[in-house]
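Both of the next two complexes hold chain A, though its partner changes from chain B to chain C.
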Partner chain A sequence: MISEIGFVFLTLTLVISSFSFAQLIYSHINSRLFVLNHLKITNLIFFFTLSSFISLTYSFLISDFSLNVVAQNSNSQLPTIYKFTGVWGNHEGSILLWLLVMTFFGFLFSKNSSATKEFKNNVLKIQNSLCFLVVSFIIFTSNPFEKSFPYPIEGGDLNPLLQDPGLAIHPPFLYLGYVGFSIIYSISVAALSDGVKNYFIKILKPWVFISWIFLTCGIGLGSWWAYYELGWGGFWFWDPVENASLLPWLTASALLHTIVVADKKKIFINWTIILSILTFILSLLGTFLVRSGVLVSVHAFANDPTRGVYILLLLASISFFGIFKYINKNIQLRRVDITLISREGMISLNNIFMLSLTFTILVGTIYPLFASVLFNSKISVGAPFFNSILMPVMFPFIAGMIIGPYTKWGKDDLIVLLNRIKILILCFFIISLLVWYLNYKTPILSIIFIALGCWIVFSSLFEVLQFINKKIRVPKKIFAQITAHIGIGLLIIGATGSSILKQEKIQFQEVGQSLKIKNFDVEFLGVKKIEGPNYISQMGVFSIKKQGEQIKILRPEKRFYNAGKQVTTEAAIHSSIFGDLYIAIGDVHEDKTKWTTRIWFNPFTIWIWIGVFFLASGGSLSFINSLSRK
Partner chain B sequence: MKYFLFCFFFFCIYILYEGLQKDPNLVPSNLISKEIPEFSIESLQGTNFTNVDLENKGVVILNFFASWCPPCKIEHPQLLQLSNIVPIFGIAKKNKKKDLLPWLEELGSPYEVIGMDPNGLQSINWGVYGLPETFIIQDGLVKYRHVGPIMERDLEIFKNLTKKK
Partner chain C sequence: MKKKNKRLITISIFMVFFTFGCAILLFNLRENLIFFYSPTEVFEKQIETTQMIRVGGMVKDESLVKKIKTIEGRQLEEISFVITDFENELVISYIGILPDLFKEGQGVVVEGFLKNVGKFEARTVLAKHDENYMPPEIKDIKSIKDNKI
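Right, the complex of A and B next:
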């Protein structure tokens, strides 16, 4: 009963949002035919989608197996929390969540007071039309309220990999980011129809920050989950799905920097619009790549060619509309004279590098697809490609990041600039020597990158120091920038440590046998059988000793989930600021006394997560700042 | 410039659309439509197993597998089903007889003959890079290659390709 109501609400969303869509299409032919209040439509579709989502959630909670999605992705034994998160642990439900977030952003925007009523109406017309496209996608190709009769008595279980708190919150965050870009797109396209008045930058700004924060958290959470749940000992694998989320993040980061200049100097206005549209197109492209199964990926989503065609249609029409609107307005990119050694110059430099990075990663990600269509050849582009293109871009990028904040707006002089930061440069030498002294045995590349990471952190701290010296409170804006930059520095240190400096041991380990890795002694004490709520687990017990003293017992698991007959690895991790001791357990050897154990020492990995936290905090500060300055 | 941009845009969309029709998991073999490589190896029963055994028999299936490979166990029921309609030959990669025999006893054998490939040399000659892999051979020519376990959903393709004409 509840699920039928959910479907009715979904249909209502379709019907009502279609008014906005009809007017958007029709206004190109006849602009003053009928006037609609899109604000009301936005409120209505948000309310309907929310009700629909709640009824789906309810069906999951009461395990209503008459619904196909519930029967396939839930189970009566499932802990309640995973029944709840199971709502978006499948294709249909997650697209409904996508729609919910989209209407929610529209709803929030309608409550946003800074824009004029007319502009709001224009933005929401586009936003509602986007919702219309998504809701028709849901109803026609992936209806979560589809029923089967006779229905099963027991459900098929949620994919065990998804039965994890990290993954439970990762998709909503990612969606809040991805979908948040839809409102940025709507604002930019509406601004185009409006003749690109400068005031739209102020309206756009908080939405850029909030979406960027969510996407940052989403990517961070996903990579954290991959690290401790998959048991592969890494946090980033350059998988197409990961790249798909990184692409809009990079353009959004570029946008984040540009919009500051656009707001302050009223330049780069068109560029802001291009970046906004591009960011949302890349989000959609990511969705297409992920959901259609055109690329080989470790992320196995339920793929269906008809859905693929529909998402492609969605992608094509939305990007076409954006590009068409932009070109149709015939705005010439105004020539702006800026010098390289100035804040504007540095931010342009940032944009150039961000976009070249985006472009190369995009090419690397979809090249296999192009190659297979055009040349009928099978190739795969893997981590070595991405690592090697990333490295050369990093150097000027980091240099810009260090110098950038010290440059003045307008015009600055290199000599004066260097003079201003001479103490900092001295510090860099000392830091580099220190890093080199502590790590002289390790590969030169790791020393360079760790030193560079430290440089960024230090130069950011130095900024604070300068303010303290002058006895001025650090302005909120600058403080946000410093926090985010420290985050990047920590991220670089963490990523370098856990990739280049990683130590790995894979072996058959006998019970009682002790192995040495870094300065830990890892003794294998044996394997216990444990029964969980819906799984059986083989738990290895390892005693970790440092200089003969036991510091911790680690218990990695291999879980066998009853319903889906699936096996998952639960790595056990001992984290410290210097590195993670990471143990995963495999299968038993034929002679029953030895087990495959994989032991890693991943230096500085914890700094990756701390870095992401700093990034998100920096973004949040900017967000709060952009709200309060209205 | 405008038109160029739009052309490029539609070109990209077209490529993505074409890409949708392709299965990224499909790995073609260099051997397709070519004669099978020559080989002569010992079979599980101790007899000689050569490429001639695969030729002159119409359509046959050659399956690379091992008892130590869990996905091979997954595809086993499907192979048993297929063995009713088409002769299946196996090559056991880096497998000892003492491991292989109990495995076959437990699961049943779909194979007419099993060749032993103790050092993995035959797998290299055939371009096999992971187990299991399956080739459909017609009159001594390689017709189709399947990488990974044959699942329930793949059976249709196999049944169609091995249909006697």
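Right, the complex of A and C next:
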């Protein structure tokens, strides 16, 4: 019963949002005949979608197996929390969540924006039309309220890999980021037909920050989940699905820098619009790649090709509309000359690098797709490609990141600039020597990148020091920038440590046998059988000793889920600021005394998560600023 | 005129960098491409033993064998299994922990190097996240298509 109501609400969303869509398409013909209040439509579709989502959630919670999605992705034994997160642990439910977030952003915009009513109406017309496209996708290709009769008494299982708190919160965050770019797209496209008045930058700004923060957290949580749940010892695999989330993040980061200049100097306005449209297109492309299953990915789930075609059409029409509006814009902007050694120049440089990276990763990600269509050959692009491209780009990128914040607006002189930061340059030498001294045995590449990471952190701290010296409080805006840059520095250190310096040991380990890795002794004490709420677990017990003294007991698991007859690996990790000791347990040998164990030492991995936290905090500070300065 | 010249120079510098960048990109791409073959193609084509490739097919029933090997004083488990496209077979050997969803009678994709005829040393056994998932590459192998559905 409840599920029928959910479907009715979803249909109502389709009907009502179609009005906005119709007006968007026919606006040139006769707009007077058809005057609509898109704000009201936005409110209505948000509440309808919310009701629809709540009824789906309710069906999951009461285990209503007459619904196909519930029957396939949930069962009565599942802990309540995973019944709840199971709502978006499948294709249909996750697209409904996508729609909910989209209408929610429209709703927030209608309530909390300083825009004029007319501009709001224009933005929401576009936003509602986007919602219309998504809701028709849901109803025609992936209806979560589809029923079957007779229905099963017991459901299947939520994919055990997804039964984990990290994954439970990862998709909503990622979607808040991805879909947040829809409102940025709507604002930018609306601004194009509005003659691009300068005030639109101020309206756009907070939405850029908030979406970027969510996307950053979403990617961070996703890679954290992959790190401890998959048991592969790594956090990033250059997999198409991961790349898909990185692409909009890169362009959004470029946008983040550009919009600050656009706001302050009233230049780069065109460029801001291009980046906004591009970012949303890349978000959609990501969804297409993930949802259509056209690419072979380690994260692949079972897919339905008809959905892919629909998303591709959606992607094409939304891109076409954005580009069409851009070409037909009725504005002439003044041209400004920019010198490289200036804040504007540095931010342009940042954008060039960000876009080069985006382009490179895009080529690497979709090349296999082209190759299979054009040459009918089945290929994939290996991780070495991405690493070999990323590394050389990092050097000028980091240099710009260090010098950038010290340049003046307008015009600056390189010699004067270097003179200004001569103490900092001296510090760099000392840091590099120190890093080299501490790690002289390790590969040269790791020393370089760790030193560069430290450089970024130090140059950011040095900025703070300069303000303290002049006895002025650090301006909020600069404080946000410093926080985010420190985050990038820490991220580089963490990523270098856990990729280049990683140590791995895989072997049969007998009960009682002790192994040495780094300066830890890992003693295998045995295996216990544990019963969880809906699984049985083989739990290995390892005693971790440092200089003969026990510091921790680690318990990696191999879980067997009853309902789906699936096995998952739960790694056990001992984190410290110097590195993670990471243990995964495999199968038992026939003689029942040895087990396959896989032990890693991943240096500095914790700094990746701390780095992401700093990035998100920096973003949040900027977001708060952009709100209060309106 | 001077301004125009300046623009021309900027654009040409940009073009040079862009072309250069694209050249590096394509060169790197070609170096790092990993081709996918079915067991039949592995036999038909000349594949270098130094080239990393991917091979996919169905894991043959009752072909999974585990034996102990000692390397550098540590005992290791060497796993071997046979993948088939119902026309040809290939023996895969692998040292490591098999992905959780690995099962006999199901599709699998492995990445590694061809050793000698009919033998393949896998560096990675590609994991799946979903039991019902079948990599499109395996689905497209003709002989598997004919036999399966």
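To be clear about the criterion, the second predicted complex is superposed on the first by the 619 of 630 C-alpha atoms of A that agree within 3 Å, B and C clash if a C-alpha of one lies under 4 Å from a C-alpha of the other, contacts with A are read in each partner's own complex, and residues count from 1 in each chain.
By our rule, a contact is a pair of C-beta atoms (placed from the backbone, for glycine too) under 8 Å apart; a residue touches a chain by one contact, two chains touch by 3 or more.
Values in this document were obtained by computation on a predicted structure and should not be read as measured data.
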| item | value |
| --- | --- |
| Superposed partners chain B and chain C on chain A - clash or fit | clash |
| First (chain B), second (chain C), both or neither touched by A:356 | second |
| Touching partner for A:226 - first (chain B), second (chain C), both, neither | neither |
| Partner chain in contact with A:278 - chain B first, chain C second, else both or neither | neither |
| Partner chain in contact with A:385 - chain B first, chain C second, else both or neither | second |
| First (chain B), second (chain C), both or neither touched by A:102 | neither |
| First (chain B), second (chain C), both or neither touched by A:364 | second |
| A:373 touches, of chain B and chain C: first, second, both or neither? | first |
| Touching partner for A:401 - first (chain B), second (chain C), both, neither | neither |
| Which of chain B and chain C A:250 touches, first, second, both or neither | neither |
| Chain A residues touched by each partner, larger count belonging to chain B or chain C | C |
| Offending stretch of chain B which, after superposing on A, collides with chain C (from 24-32, 42-50 or 78-86) | 24-32 |
| Chain B and chain C footprints on chain A, overlapping residues | 293-294, 296, 378 |
| Residue ranges of chain C in contact with chain A within the complex | 21, 24-25, 28-29, 31-37, 52, 54, 66, 68, 74-77, 95-98, 100-101, 109, 126-137, 140 |
| Residue ranges of chain A touching chain C (in the complex, touch as defined) | 159, 161, 230-232, 293-294, 296, 298-302, 356, 360, 363-364, 367, 377-382, 384-385, 388-389, 505-508, 564, 566-569, 584, 586-587, 589-590, 594, 596, 598 |
| Touching residues (chain side chain B, partner chain A) in the complex | 2, 5-6, 9, 13, 15-22, 24-28 |
| Chain B partner contacts - residues on chain A that touch it in the complex | 288, 292-296, 305, 308-309, 312, 315-316, 319-320, 323, 327, 368-370, 372-374, 378 |
